[in-house]
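Structures incoming, each one as structure tokens.
Next come two complexes, and both contain chain A; in the first it sits with chain B, in the second with chain C.
On to the complex of A and B.
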């Protein structure tokens, strides 16, 4: 870890990271301007999309529901579904940092979602009824339980999820890609099991003068989970962002999502973002160029996890309840499909994937189910077989369009051409002509291989 | 002490079923370095097929005469193995073969998709509830014949061994001694060189999937005869147990998979008995993570060609 090659401005270790993340955060306004100002067409499209997004909940309430019933053939998503679009959007952008930017397959992403949800559940609910700790919350002083405002819980959830991401990543990120995937999957399964089983904890830890004793402590609420959880509350306007608040939580989700987009966008364009890309393409080469690969991957892991922490704290505060059943392997995979379907590596793509899949999962399939049940009651309800479609989606996407529908250009090249060449070279094969039919000319990274291919090409022609 | 011995016996039976499934993981990983995520679900499909054959086609019950019973069970095993082998080859053809030269994580993601497809196909056909049959094998304690009553070994448990061990011997012989087995080992070592030496690589990989699928089918039958129950999402947990076994023993290593499965069977049984069944899953995953982090080559060592 030499400061000279690694990061001239900041020290290494946690403070260095903190400084770097701080810089990214302080650059948000600039990122916002850049996002709009980079080119005119993009600015117009983004502005139109933003106006649509901002006005949609209101239009939906007063106008569109009738429209969708009478004119438009498909149902429009309601406030709950749109809120979940925001929650899954945050998750997809976070997983995209891990899987898209840094190229690490995380199959246990749901663990961090759970950690975020339970952070909110612990810190804003009457669950720990034996204490009373109310700070700035919309709860009377002396009310049992710990009650912190949502605005403090979100950064704490970021911290908790990020810390666990780093803790999981530190020993495991040396592993090969598929082993890492399985390790994260294991972690994703362990975390909900722990939350489910810690309803009756008895221990007695003695540390010199301090002794921590728990006698049948209900730590996590067991299979029932924790409820009620305080809704996010905006003091002066007196808005509670819970499920009965209509479209208010949509805007809360939108706010967090926009911050998430800007952070991710800024990270992508920062020194770290370029390091991630370098690692994704060729870890060995990146290391040779002075990238501290382990630290950079760890940062991707922790930052990606913290996005899920935010999503989790929003989800449980919004629903007012959480149980370990919410956090299953299938949720990790659902987010992964959003990322792959939309376009791995491209923030706007994965956002589209999150919105589209949440719509299909929570609005379209139930609607289709209702329609089918009305005609043929014995026919299976497609809403119960959502993962049949999602599983097929994964298989089909991998086969025909691994780069997704709104691909990141660089990532697409890696997945089709670079990937092919890398695979061939790793296998010690000569680079075949047929495989290189799609090689874009003039790209530095493939130039050497392309020359090799041309040689083969010519020799075969002769 | 009797309780410990009893737990060991239960663990042994668990382990032998794990072994059949773990071999499927290790064979496939050894040859194309793919974690065949759908393999556990193939085992589940095998158990569904076996349940259907036993309950609906052959109507096996405690009243069936023993000779007929044995013959029909053998027939059911054979049929189930053929069916799951066919399914596995089809999956390889559709979902993995086209991705053979894609980046390494692409087939893994495809396999995860396939796993969900298989689960939901079973859910669609068999419904969400547990499917079970009445036990029709005698449950008397075989050890009472020699005067031991404190520890019991049932016919079902003996049966697990009677199905599993011959298959393990047959597989070892096949991979170690036959021409096809040599082709498999050659392909695992280096598919391109094997191809140049006249091995039909595609066919050999398909053969590997066929064998893995057949073993998963046999494990499915054993699951029904031993535990009498199956459910659409059985394969996920079971598959991860089996995969952990394969990793524990050293992935790519056939005897490693069996050793790993036996160890993991004991871990499962002891955790179920002395800790809590609620924690068993977490413990298995903990073992998996620890092995991958600290000794990724497993107990007996990996037998993989060193391909980055």
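On to the complex of A and C.
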């Protein structure tokens, strides 16, 4: 029953890992050819989409920008907007771990975004001007303030946001559903307020011989925030990834996003991912089957938070400034809407949600506003009513497609009867090409559907 | 185990065997919900390798007792030892129980009276969640897909498929649990419990809602679990044919107290049991 005595399939240690990674990478072309053979249209469409996505910033810069307004009916997003698509993409994928995989409603996700942003602000700015601590950064030695390179700040932001995620989660994850949402909401409100108000800190802590004294210490810059923050800098190539660097920051964001996607996907397809799903399905049964539910939920919370930490550090380093105004409750809601509209539980869905909503928020609505202002200057600017649009979209989506644009099949089944049947059919098709070398189930699909529908009826009766 | 299988129920009575032959030993276990005493000072032993049934009218406290063994409830008073280790301990005046996941790790697997599978997870993944308790790879192993996690996953997959084969569900490994027919769901729940590699298997009405032939199959299967895996089984069951057919010993609860204990035959003839089930007066006829 154990199977532990069998000889292991993969070598251990770093060499084994490297061999495995090499194997996976060298297997990719074959996998792509297989995909091309089995579902040609899908493979081609996805390939074109991927190439367009990767080359978009370059295309935009050299070809599209010049004539876009007259050729395309809608404005194209510029580099700043695309960078924010990446930032929100990272956040949506992180929130999806909490809300999508583990089923925990987190309404204070922006707090971790703020923590990431302020981590970068503290560690790469002249803010603490009384000290000078420059390590491997793109500033002269002796320059006032703490200056660490972005590449060190990102892991630190992961650590800070993850730690706060665990600290918040430890006492609150015993709560369920609505109560958890309320507590996270409170946390999301507290963190930006703390950052806004810690501009004048005075305290005197005596610990025996040591005493820590702060006299009117400006810790967070108050409402003005902290600036300038060092831009991410790539030595040798001499690239500074700031707002004036064109499309370079887009690729930095893309890199972090790809890492985020890989991490989230690997977690989903592991025992932790299965434990999260089990908790989402039936927390009590999961606990009885030996899943340490508290620890598993805490892990979801901390890991999800760390994604927001990355997004926050990228945002403030890219913009070169941060203030607490960036981190309002509405941002938590915005990311949650991205996750829900895109397709909760599905990494690609929430990514699509992030891209689409960032586009609407930062490119489409301002454009619409300009057009309307030109015709009727007294008409209110729709860009100020962005949440009205998001709210309406959400209402319409909940009515017609509650599972989101690109749904996760499991979550779709939880939401609708139709989703369950569709998922069953899709599942049947998938089993035929599974990689476990097992025969597809012998039942025909019609019987399977009838049974699925029956099961739903029964559970609704209960 | 063979000597147990052939032993008479009365030789397996609570208190008659030495501790080292007991898997579960509960003494004066009481559970109160407010003013209601659901379980009242129950002494209950489960000998290793035995199949013991817990029966009684509705509301007798069977499931409450089950839930105390699995750590879901902490008893108001009393002690429960499993495999020589205390599941509940008393510290000053406070009872402290192991958490359900810790109990599962010690080696107690269970099924539920109303099936509680992970509905939109595949049959295979349901079983793999059960195996979770024995997996040692950590989240960072999953993030980088470390070899030890991949090896563990491969072994888990094999073991889970073996279990699905055992319950004749290998063809439906990739079907969602909620799409399986009722009988399959019952067996999948047992497979999931077996994946935790239990020493003690708690089955809460495993044949509820089954027809005669399905019930017979399930009975044979439970017997097989004991002979092939050396499992000890505690059964809550209403179907008397099942109880009488496979139990080494039957314990009857009524109003939270043990009213009879012994071999199926002895219990069936016990006047107090007849009275509890059929009402006062029935025993005289």
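We adopt the following convention: the second predicted complex is superposed on the first by the 365 of 462 C-alpha atoms of A that agree within 3 Å, B and C clash if a C-alpha of one lies under 4 Å from a C-alpha of the other, contacts with A are read in each partner's own complex, and residues count from 1 in each chain.
Rule of thumb we're sticking to: a residue touches a chain if its C-beta (ideal position, glycine included) is under 8 Å from a C-beta of that chain, and two chains touch if they have at least 3 such contacts.
Bear in mind the structure is a predicted one, so any value in this text is a computation, not a measurement.
J.: Would you check which partner chain A:178 touches, where first means chain B only, second means chain C only, and both and neither mean what they say?
T.: First partner only, chain B.
J.: Touch check for A:193: first (chain B), second (chain C), both, or neither?
T.: In the superposition, A:193 contacts chain B only.
J.: If you stack the two complexes on chain A, which partner ends up touching A:286: first (chain B), second (chain C), both, or neither?
T.: Only chain C; A:286 stays clear of chain B.
J.: Touching A:413, do we find chain B (first), chain C (second), both, or neither?
T.: In the superposition, A:413 contacts chain C only.
J.: May I ask you to decide whether A:391 touches chain B, chain C, both, or neither, giving the answer as first, second, both or neither?
T.: first
J.: Of the partners chain B and chain C, which touch A:28 in the superposed model: first, second, both, neither?
T.: The answer is neither, since A:28 touches no partner chain.
J.: In the overlay, answer first, second, both or neither for which of chain B and chain C A:20 touches.
T.: A:20 sits against chain C, while chain B stays out of touch.
J.: For A:277 in the superposed arrangement: first (chain B), second (chain C), both or neither?
T.: A:277 contacts chain C only, not chain B.
J.: With the touch criterion stated at the top, can you tell me which chain A residues are shared between the chain B interface and the chain C interface?
T.: On chain A, the overlap between the chain B and chain C contacts is residues 414, 420, 423-424, 427.
J.: Give the list of chain C residues in touch with chain A in this complex.
T.: So the residues of chain C in touch with chain A come to 70, 72, 99-101, 104-105, 109-110, 112, 116-121, 125, 128-130, 132-135, 137, 139, 141-159, 161-163, 170-176, 178-179, 181, 192-197, 229.
J.: Provide the residue numbers of chain A that touch chain B in the complex, in ascending order.
T.: Residues of chain A touching chain B: 105, 107, 171-172, 175, 177-179, 181-183, 185-187, 189-190, 193-194, 196-197, 329-330, 333, 336, 340, 380, 384-385, 387-388, 390-395, 398-399, 402, 414-415, 419-420, 422-424, 426-429, 435.
J.: Any idea which chain B residues touch chain A in the complex?
T.: 33-35, 94-95, 98-99, 101-110, 112-117, 119-121, 123-124, 128, 191-192, 236, 240, 243, 247, 276, 278-279, 281-282, 285-286, 288-289, 292-293, 296, 307-308
J.: Hey, which residues of chain A end up touching chain C in the complex?
T.: Per the stated touch rule, the residues are 1-4, 6, 8-13, 16-17, 20-21, 263, 266-267, 269-275, 277-278, 281-282, 284-293, 299, 303, 409-411, 413-414, 420, 423-424, 427, 430-431, 434, 436, 438-439, 441-442, 448, 451-452, 455, 459.
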